[in-house]
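A, B, C, D and E are the chain letters, set down in written order, and residue numbers restart from 1 in every chain.
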Amino acid sequence: MDLATVLGVVLGFIVIIGTILHEGNIAIFFNLPAIAIVLGGMTCATMIHFSMGQFLGIFSVIKKTLLHKTIPPQELIQIMVNYAAISRRDGALALEEEIDRIKDPFMVKGVQMLIDGQDEETIRELMDLEIQYLEERHARGKKILDFMGSSCPSFAMVGTLIGLITMLSRMESPDQIGAGMAVALVCTFYGALLANLVFLPLGGKLGQYSKAEKISMEMIAAGVCAIAKGESPTGVRERMQVFISAKRREQVKAKV
Amino acid sequence: MDLATVLGVVLGFIVIIGTILHEGNIAIFFNLPAIAIVLGGMTCATMIHFSMGQFLGIFSVIKKTLLHKTIPPQELIQIMVNYAAISRRDGALALEEEIDRIKDPFMVKGVQMLIDGQDEETIRELMDLEIQYLEERHARGKKILDFMGSSCPSFAMVGTLIGLITMLSRMESPDQIGAGMAVALVCTFYGALLANLVFLPLGGKLGQYSKAEKISMEMIAAGVCAIAKGESPTGVRERMQVFISAKRREQVKAKV
Amino acid sequence: MDLATVLGVVLGFIVIIGTILHEGNIAIFFNLPAIAIVLGGMTCATMIHFSMGQFLGIFSVIKKTLLHKTIPPQELIQIMVNYAAISRRDGALALEEEIDRIKDPFMVKGVQMLIDGQDEETIRELMDLEIQYLEERHARGKKILDFMGSSCPSFAMVGTLIGLITMLSRMESPDQIGAGMAVALVCTFYGALLANLVFLPLGGKLGQYSKAEKISMEMIAAGVCAIAKGESPTGVRERMQVFISAKRREQVKAKV
Amino acid sequence: MDLATVLGVVLGFIVIIGTILHEGNIAIFFNLPAIAIVLGGMTCATMIHFSMGQFLGIFSVIKKTLLHKTIPPQELIQIMVNYAAISRRDGALALEEEIDRIKDPFMVKGVQMLIDGQDEETIRELMDLEIQYLEERHARGKKILDFMGSSCPSFAMVGTLIGLITMLSRMESPDQIGAGMAVALVCTFYGALLANLVFLPLGGKLGQYSKAEKISMEMIAAGVCAIAKGESPTGVRERMQVFISAKRREQVKAKV
Amino acid sequence: MDLATVLGVVLGFIVIIGTILHEGNIAIFFNLPAIAIVLGGMTCATMIHFSMGQFLGIFSVIKKTLLHKTIPPQELIQIMVNYAAISRRDGALALEEEIDRIKDPFMVKGVQMLIDGQDEETIRELMDLEIQYLEERHARGKKILDFMGSSCPSFAMVGTLIGLITMLSRMESPDQIGAGMAVALVCTFYGALLANLVFLPLGGKLGQYSKAEKISMEMIAAGVCAIAKGESPTGVRERMQVFISAKRREQVKAKV
């Protein structure tokens, strides 16, 4: 799993719990009904908003995306430059031998189209469609987490209102406001914490991964199309280097 | 009706009512004037915002969309692959026999254009227009529910302000603030609950259904256009598989 | 005027006033300075934001748009199908006789271009420009109402702050907070009510009307272009039916 | 300067000061530290957000834009119709005599390209680029004012927090809350007033002017391109009338 | 470093600290746990949202961008006009001598393509891709700062809630509310200050720099493409001047 994510969540909770301990009274922050209403309300709203399948799939989406590894761009460029050299020297059919060693299914599809002798335009069209719909499927995971993040403070507010109304309706003098208000506000605390330390940043990370994968796929598409067009290995490198920063380009000395 | 929607609403209200019962005083949460002002204000604002027809049609839109079933993508692909085989073997006119068995009116329209021998470009243009305007009509249902969801907390605030102002204007000492404030806040509670547990997630679900139907229609359009172009059954399958995830593609072994 | 709009505003105020009367103290809700600051501040901000002409024109824009009637789509389709038949039978020049009976200036323009023998591309380009700029002119009315709706709560807050600050600066004990606070909050009440029951939903309705008119114009443009292209009456009907729902299409049995 | 802007600002402050005087205690609303923190904080944040040149140029941008006059559309149409007549009668070179009388630099550029005998496509491309980049330069003035408008309430909140914290830390009994709170809230009052009566509506007006100028430039571009295409004066009028409302078109009887 | 940025931050803190000193009690505003929770929480959320590399790179991105200098537009135009003259007189190959003196890597790439004799379309396509992906890389820095700016007030709220809940749960009478509330609100103060005086305006400045660099690159692309098309030096100047304001154009008397 991504180190920054684990570190962020763990350190975040250490900072919060440390502050609470420093203030001195941690018992009041453990409040089961408050947890029930924030997590329960959020879960129910998410079930209504999304379909059952999408709802149950959220954990696997998160797991898969967090564990997923994109091929480093310099490696991608090297692979495509090699394929261009093979294709130029021995013809596209010679790529048949390489195809079994490729693990990425998107690259397999692209190279297969090269071998089938499809023209550049058809390849570009199909790969663009593929990128577009994969992006839409990826976007859903982020959407669910973002919805959860925006739902938490809402149900925290519902919980706080329940606490406040009950407390106020029983109160006989404003002197009693303290303890009841403290309990009611614990809901708001949970909502703010879960949204800002867990759901919203996790949704952001999913978006980052999805963007990285999209660039990776666009590099593959650019490389495959350049080979289909009959570009030289140098030309293929040129077209793929556009996607990475100038500084990194110097590190990437793809042998042509 | 969709299981997740029913479960979400029912469980959500159980969680909320359970928390209230646990706090101990449920009577104060039943407040007819508060319900009247939140639901009444929201209904009136919706009537002003939308036309009478749109307003009265919201229930049927919700019902129809929630009950609506889109054809599973694997089935869609199989059907189109079959049509491609028939069209290749016996010519597009042979599809005439199939057309009576199709239930989806969009697919009927597409196949009819194949039989009429329209060229790919015309078919694509008309089907795209059809998808675009259907989407606009579907979007309206979501817009009404979203407007309701954003209107609830506003009228809840109006109701709370009426309660607060009346209570404050009569109050002789801050000791009396409790009970009056509790009643005023019940409005805010209704607004937050209706918006976050009912209207906003229902609007979200409508959006999900509408998106699923759009993808279904785009798959049909891609299939029909591929057949019009004279693609082989394998080619039709290739073009339609772009819309579904890699994992699902393996399940879908459309016989060619 | 649109029935839903009138009903919505009238019923909305009945609900609000009914709730106030039920609470029992309506006198405190009549507060001239509060009305002055909310409506006055909003009016001044609107004058600064928009030009004098736009500001003074808002009433006529609202009136015209609310009274405006778009031609029902089924009628539009029938008219265009008839024109296609005439144009096919007797040539485009025969439409000259029809042109005096058309009331809609946009349709007049389209038919005139048909008579002038303009080609489809020129007609499409000019009609699209016309639709685009009409839309921009219509959007301004909605923008003014939306600005008013968002300005009301802001000046309500300014008014409430003036009341609060004055009250707090004179207060000698927290026991006096009640009455002063009630007066200050009346401003907030006006702001929330005017924004959510009047300006924002009225702006929404303007948007609905503008969208309906746009679709009407797009249908006319589609029909005129189809005639210019020499489509048969059936073809014209096909192209215009895209804009209406499947259910309505069955009602529309435009005689060809 | 635009009358509506002056009237709006002056009347707005009269309404606010009138309400304060009616409440009776204007002294408390004059609070130099509150003004310092709201205006000072906002100015510093604006300096960080934008570059020194943009920051110092804001006053001249506002002045220039508010004093700027766009040519009325009917006049624009008449001028272009005349040019079309000259160009048709005596050739584009005959426009050379007119060019010295044109004040608008954008129109000069367009007519110069006509004289140079450039084709329609080149003229359209260059004029579109010019419109696009002028729009971007104009948008910056609006962005600075909008940023100022959103910055004011933020620094007002910072000021109110400073006041509140200081007051609360010294308070010995809640009875003292009144006066201190009043002073702290004056900051919030300044922030809300400056944002909603000055910066946000001024930014809106800049946007209106910029849009009016854009339409004016698009009309010139449409006219020049129509002349380059060899359109008749009537054709030029037709193409330029698209930009104005039907009602105004009747007023505009550009002599052909 | 940019003068406006330094001045803005320094003056901003002087204004804030000055106001605090004027109020008289600066000690209460130094509160280590409050700083820890706002900065700590924000840092952890940023680590979760972005990847480790992006998180650690934020300081170098800020530094590089703030120190970065774009070539003034008038200089850019002069350089490109000179290249056009050389290219016209001695052919594109003669630009080989100039290429060593160019520092900007984007301009080097463009001129290299001129020397290689690539056609205008290929150059435009590659340079546009380059601009697009550079923009995306630059946008990330702004995104991180904007996320930090929106995260600060959230964790400030979490901190304030911890303080409030602890204080309320221990409070025996409302008379004690003052001091505890003051401490709790210091968190909110930090959050508002850091967001509005540091992170959000810094993010805005990054956006300004990125936009300036984008325009600079678009000017180079326009110039190189014009040279590839064989435009005269005057034509090159014309096409590049579109990007700068009319006032500045007079200052720029690029010798042709």
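Methods note: contacts are C-beta pairs under 8 Å (C-beta built on N, C-alpha and C of every residue); 3 or more make two chains touch, one makes a residue touch a chain.
Owing to the predicted nature of the structure, the values given are computational and were not obtained by experimental measurement.
Shared residue numbers account for under half of those found at the interface formed by subunit A and subunit B, and the copies are therefore classed as meeting with different residues.
Distance between subunit A and subunit D, defined via averaged C-alpha coordinates, is recorded as 40 Å. The distance from the centre of subunit B to the centre of subunit C, with each centre set as the mean of the Cα atoms, comes to 25 Å.
Across the assembly, subunit D contributes residues 174 that each touch 2 or more other chains. Shown here, the protein chains touch around one cycle, each chain meeting exactly two partners.
Following neighbour contacts from subunit B out to subunit C and onward until the ring closes gives B, C, D, E, A. Subunit C makes touch with subunit D in their complex at residues 33, 36-37, 40-41, 43-52, 54-55, 105, 126, 129-130, 133-134, 137, 147, 151, 154-155, 157-159, 161-166, 168-174, 177. Partner subunit E is touched in their complex by these residues of subunit A: 2-5, 7-9, 11-12, 15-16, 18-20, 22-25, 28-29, 174-175, 177-179, 181-183, 185-186, 188-189, 192-193, 195-197, 200-202, 204-205, 208, 238-239, 242-243, 245-246.
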